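Lettered A, B, C, D, E and F in written order, each chain numbered from 1.
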Amino acid sequence: MLQDPARATAEKIRKLEIQGARNVAIAAITAMETLANQTKTDSKKEFLKELLKAKETLFASRETEPLMRNAIRLIINQVEENPEKSVRKLVGTVSAASQRFLMDLENSKERIAEIGAKRIRNKSVVFTHCHSSTVTNLLKKAKQEGKNFDVVCTETRPLFQGRITAKEMLDIGVKTTFIVDSATRFFMNQVDLAIVGADAITSEGNVINKIGTSTVALVAQEARTPFYVISELLKFDPDTMYGDYEKIEERGATEIWEDSPSKLIIRNPAFDVTRRDFIHGIICEEGIISPHSITEVMHRKYSWVFK
Amino acid sequence: MLQDPARATAEKIRKLEIQGARNVAIAAITAMETLANQTKTDSKKEFLKELLKAKETLFASRETEPLMRNAIRLIINQVEENPEKSVRKLVGTVSAASQRFLMDLENSKERIAEIGAKRIRNKSVVFTHCHSSTVTNLLKKAKQEGKNFDVVCTETRPLFQGRITAKEMLDIGVKTTFIVDSATRFFMNQVDLAIVGADAITSEGNVINKIGTSTVALVAQEARTPFYVISELLKFDPDTMYGDYEKIEERGATEIWEDSPSKLIIRNPAFDVTRRDFIHGIICEEGIISPHSITEVMHRKYSWVFK
Amino acid sequence: MLQDPARATAEKIRKLEIQGARNVAIAAITAMETLANQTKTDSKKEFLKELLKAKETLFASRETEPLMRNAIRLIINQVEENPEKSVRKLVGTVSAASQRFLMDLENSKERIAEIGAKRIRNKSVVFTHCHSSTVTNLLKKAKQEGKNFDVVCTETRPLFQGRITAKEMLDIGVKTTFIVDSATRFFMNQVDLAIVGADAITSEGNVINKIGTSTVALVAQEARTPFYVISELLKFDPDTMYGDYEKIEERGATEIWEDSPSKLIIRNPAFDVTRRDFIHGIICEEGIISPHSITEVMHRKYSWVFK
Amino acid sequence: MLQDPARATAEKIRKLEIQGARNVAIAAITAMETLANQTKTDSKKEFLKELLKAKETLFASRETEPLMRNAIRLIINQVEENPEKSVRKLVGTVSAASQRFLMDLENSKERIAEIGAKRIRNKSVVFTHCHSSTVTNLLKKAKQEGKNFDVVCTETRPLFQGRITAKEMLDIGVKTTFIVDSATRFFMNQVDLAIVGADAITSEGNVINKIGTSTVALVAQEARTPFYVISELLKFDPDTMYGDYEKIEERGATEIWEDSPSKLIIRNPAFDVTRRDFIHGIICEEGIISPHSITEVMHRKYSWVFK
Amino acid sequence: MLQDPARATAEKIRKLEIQGARNVAIAAITAMETLANQTKTDSKKEFLKELLKAKETLFASRETEPLMRNAIRLIINQVEENPEKSVRKLVGTVSAASQRFLMDLENSKERIAEIGAKRIRNKSVVFTHCHSSTVTNLLKKAKQEGKNFDVVCTETRPLFQGRITAKEMLDIGVKTTFIVDSATRFFMNQVDLAIVGADAITSEGNVINKIGTSTVALVAQEARTPFYVISELLKFDPDTMYGDYEKIEERGATEIWEDSPSKLIIRNPAFDVTRRDFIHGIICEEGIISPHSITEVMHRKYSWVFK
Amino acid sequence: MLQDPARATAEKIRKLEIQGARNVAIAAITAMETLANQTKTDSKKEFLKELLKAKETLFASRETEPLMRNAIRLIINQVEENPEKSVRKLVGTVSAASQRFLMDLENSKERIAEIGAKRIRNKSVVFTHCHSSTVTNLLKKAKQEGKNFDVVCTETRPLFQGRITAKEMLDIGVKTTFIVDSATRFFMNQVDLAIVGADAITSEGNVINKIGTSTVALVAQEARTPFYVISELLKFDPDTMYGDYEKIEERGATEIWEDSPSKLIIRNPAFDVTRRDFIHGIICEEGIISPHSITEVMHRKYSWVFK
């Protein structure tokens, strides 16, 4: 049966079969588009109801996924604001909005790499934490442009995503140093720049990213090392504007210690919050901005996220 | 053949068959005592020469072991300052000095636990990093005294010594929370006190301890959480007084990543330096002192280390 | 005689018969509306002159009252921008603008409470200074939503407004701890959040509030305790944009010491300035924003304040 | 021959015959206007090509001159956006845009002086570094308004521009204290306010100004002394938005030491970067703004700079 | 009956009939001397037992009184170390030790005033908090020496001890400004020096003094205003060396709010802890010392406190 | 005539014919020795009177010269403490004390160079300010030991002593970069270590050195760059112990601007104060110590300076 691509996708997201802010957003958009194409109704009201139900299903699949949520917000907003009554045409609207979002996402990635690559000076040393495809894409761009730089990256416990970063850097011929997370301060005085990705940006201008990021930022500040966040603007979470704390996913104990003693409490928060004052700039598709102005940038460029 | 207990012990230390500042010091003292007992000479000059050669051998066994070095310094100092000429009697001096050092070490441990336990308030939460028997001994003492407290401890990559700490705490019935190193800042605002051990103390009052300690200290300061170092005074390294940097042992790559890519540079410093200004106090056998006054404390109590 | 409601109201404001940014603004609006209703002229030019004279009178009644001033600015702006020539219809414009302002003010209060209440976590401890109805309204909302939290509040010398806060909190069943102002730092490490009201916001993003607020902010920062300002956006003072310092009212000596020695100089500034960098966010009717972006928020939402 | 006023002006700029952000901008505008007046083409496309070539020539004359570059950007933007096809009329457009830019520049200067003068309190002491006509203009305005204040200024090595500042201040009767640059911290606790000019403003909100400015800012922050930057908004450099670092001009060695030893490396950077967090406000023609919101201010007022 | 002057004095101390570290110490010494004079025993052992019982009684009279405790420690130490067996002669030892302590205390006061007065520059403004006779004695000395200076002092809630300070300053003709505690930060940028007294000094070099002192210190540091503690060395508390936290007396609720609502929790800690790093120097009878070296100073000058 | 070598030397010191803490001390000692040799009295009392008069004369020759003052203190102390009555023999005491002081000074210089040279790592970059022979001696030692390092030095306005440093460094083949003082922050992130000399050390542990030193220290701290002071312990000024502020010599205006405008106030303080908390260590003949313990070090090694 063809029913409910939203539920199917939500399930995969919940089970981590789909991972990464980008991939999750792409899957959700595809689900929305599929669902629209499968609609049987010819009432706009009904159609919207179906979309809103899908939204609810997908939103519930993970606590914090602003990119995915913003994608769905956009699609529904386009339909709502369209004076058109014909459902068939509105299905086209969904398709168009979806395609535009995906294309914009791709363009943003390219644009961010172009802008950010200019910040990588020749013969510099760049520090990074965890793995972010937006970050490694930027570094690859810099390498392609002929810049010669080194990378220091952390292993990023508990899931060792730093190993992916290290491999990607070695693959493009970048001299890479690999350290445990707690050696960050030991090496910070020897690097020129620290860059990390983002999972979400709050209305205060704070950044939610992999656990440990806020410590990298603090340690960078202590050593007067510039610290940049590389992120699409649509990782902004409009719910934080209205008072919500960004939820911090807490993952399973076995990721940290497989056969731990029975009474031991293992806490495994996946993210932490880096305050705006530690961030020199957010490198986004708009350019390099101060995190303090994030809500105004969003109002100017993507005001529909606030609806 | 009976020859050269110093060389045999040095070898075991080098191969990490003997580990931990305390154990290394005990083994070295025992070697010195054995060596003295085996001496064939009856010239004091010759005897001292033998002791000095043993000293050289043992000092060379590991880069940074101030406790062991100070033990050997004490023994030789006692012989040198003794007006006695009879080697047989001087062998007794070596024995006596060795026994006194070992007893003092034991007493210090007890004394430190008594003093430090008073800093653990009832219903408080204590943060610690890595495993230090001086620290866990203190916590056990506090527990024995009927205090009720929780512990948060890091896993301490790459060798997971935090697991030993966690087990010891669970064994005595302390509620224990276990986290990855990079979650330190996430939990710091929820604890009342941070305590760590020490491998060496420099003449500036800085503390050398397990990699990551200086970050715990920085993060504690940012949250106005008191940060204490628990250490015997004889971990003071007199060589730092005369300009030497404390050597930071750099360990093997496989501790961090067993089958790492061939071109990857893995850096594995075992220790880092925590500046005196992050340390509320050093809890030692003397009591709780400001690290800034360490050289004067040493001059008052153990002036022979400077010889 | 019916003359000059502006002057009568200004007098009451001057004598502190009307107090509190909100109440002062409401009284001034009412005066403007009454004055408009009483007008005898049928020349728009004359009518505007009357309004401008009333504005001058009301502005002069207190040094710093941006909310009241913005209310009057809005009313006059509406009349000026109205192409209508009929005074009778313009009187209606005044009425409409006044009503809208009052309604907006009421809505803002509700909206702020809704947004801010989400920041109060269950089982948390909230610190506040002085008395602000915007703050207590927010706390009441959180309580109504079933959240369980404690409050620590300062007595707030010299006028003990903290006692009002304490009573309001006890009335709704919140466990409340009451301290002298100078004990703020003693308790800061035990609270989770500090929130205060505002009398004015400057174009730099700084907040003017009851004397002592900037110290609460400094002490909160030292303990990594989040510090929020709760305020309607219309407390923004556009005159600071054009260079004016916000005037700090200096009140009478007897508030501090009734029978003080004759030569003693008693200084009694009613407010101080909290720099934007101490403020995690301003919780306003828009949502939670970084104070650094305040002028752009005002340009987007209330651009008429700049006229 | 009449050819190429752009090249002639560029040459003078390169040789420092024309200096100062303002003067350079004025000269470049004049060159653009002259060039437009001299055009022989009657194709809009050709005309634009000529303008773009002139732009390239003038941009190349100095590494960092955002004011000049923005002036040229404005002129070309006006032509591009004009639907008009007649080159003669477009020449008029160039003239009009040029005149407007110059007039706006003049008005900005006046407006900045008016706004900034309000920040100079009577009987205060003002600290400044280097020479900026925008700064001294502001101080003259304050003096004209009858304010009584003192000035402390640095000599500003290597070119002693502080002497110009000192003379201008003495000329208007301001009590002036003159110090070497490295005495800044010695005097900072005795001043009430520090103000400096700007050569460029980046998209992060940082300010590029004469070498030493960032140290003045750091030292001011350490003493809780307010630090303001006085600048036209059009010193904002849109290229920094897209990743470029602001180029720091490095000048000749003889400015520092005329007959220096042959092997000595003399480094003479003319500017440094003051981070936004040290800046209380940018005093510009808009008013006093937080540097963190600079890109949004530019988008609102001068969105054409981003094209 | 003549019995138990220790118990009688302890009772008065407990009821606050005797107040102030100095007065309490003097009373306790007098009680010890009286008790010695009344002894009936002629066994040294018995005599010491009596003294130790008195010590216990007096120590129990107030939680934190290191000056008094050190006085008693000195007296008993003198008896213990005296090889003399005759109780009559040992009574003389008690007398002599008591008299010496009192004389030393008086001399210290004078010496501290002499040293500290040199720190008061002509035409300076001095900030102080609460009332300390050591501080006002110093200021009187400076005034006697012909120095012209102003004082800013806080009222010091809840007991308004600042009023005593203000009156004493006015009595000697010092221009005095009086403020509420929470206005400290408002005025800090206008003063040249902050000085306060001490109730106790810990082995870490921290100072216990009237609630609010640590905030004055923090605010002074933020404004780069030197902050000095004026104290006799014998306020050092040797128990902190051995792990004890200095007890913070918590006083009655009615001091803060006489008829407070029944459910209100009023917390009234009398003291707080100022960390050594905020203190430029301790001005004591030895001279001006860094608080970080306090234990070594005590070992050199008053090593008997550690017994 | 042979009279009064003290007065003659004092005159030369006053006229700056003798300069540098070391040279001034040597000249003063020589004067004391000569004066002693010329004495005609044979009464010890008279002889001491002559020495004390010379002391007064020499002390008056310059405001701040602790090294010279301590030298004279030592000589007089040796005579005073000598039970010998014969003036002839006491003249010998003066000679012996003088010779010992000079020899100690020479030995200290060597010892400091040996200790400090160990802090210069191979391939490192060392920052220095002004010229100090103690500092350059240390760097020469490091070079002799085969270390390869670069130096960055400031020109040090107004007297350009940095040029002497630069030449000395070039002479021994060190790659040297030369900058204006206000470029210190520009280069701080690129150096590994900052070292400076000292003119005086206070009892708080602060260091008086060439104007600008405290800014170097602040800027070093901001970049987490270690900052060391290189100094003989006898630059400690015991008068600061007893309350005196170290006098800051204020030199002539023409050093800064030869033909300055007549009304201009030129302030030319020669020194500033670097707070102990910016100093990682004082490298002295004792070794590397925390400045916080300076008075205790002096009590242990040179207790006669306090007499």
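General observations
Following the convention adopted for this analysis, a contact is a pair of C-beta atoms (placed from the backbone, for glycine too) under 8 Å apart; a residue touches a chain by one contact, two chains touch by 3 or more.
The model shown is predicted, which means the values in this text are computed figures rather than measured ones.
Chains that count as touching both subunit C and subunit E, per the definition above, are B, D.
Inter-chain spacing, taken between the CA centroids of subunit A and subunit F, is 58 Å.
Here the spacing of subunit B and subunit D, counted between their Cα centres, is 58 Å. As a whole-number value, the distance joining the C-alpha centres of subunit C and subunit D reads 38 Å.
With touch defined as above, residues shared between interfaces to two or more other chains in subunit B number as follows: 222, 277, 290, 292-293, 296.
An unclassified topology is adopted by the chain contact network, corresponding to no line, ring, star or complete arrangement.
The full set of touching chain pairs reads A-B, A-C, A-D, A-F, B-C, B-E, B-F, C-D, C-E, D-E, D-F, E-F. Per the touch definition, subunit D reaches subunit E in the complex via residues 188-189, 222-225. Touching subunit B in their complex are the following residues of subunit A: 154-158, 163, 166-167, 170, 175-187, 211-212, 214-215, 218-219, 222, 256-257, 260-261, 263-269, 272. Touching subunit D in their complex are the following residues of subunit C: 202-205, 240-245, 275-277, 290-296, 299. Put simply, subunit F touches subunit B in their complex at residues 114-119, 121, 277, 280-281, 283, 286-290, 292-293, 296-297, 300.
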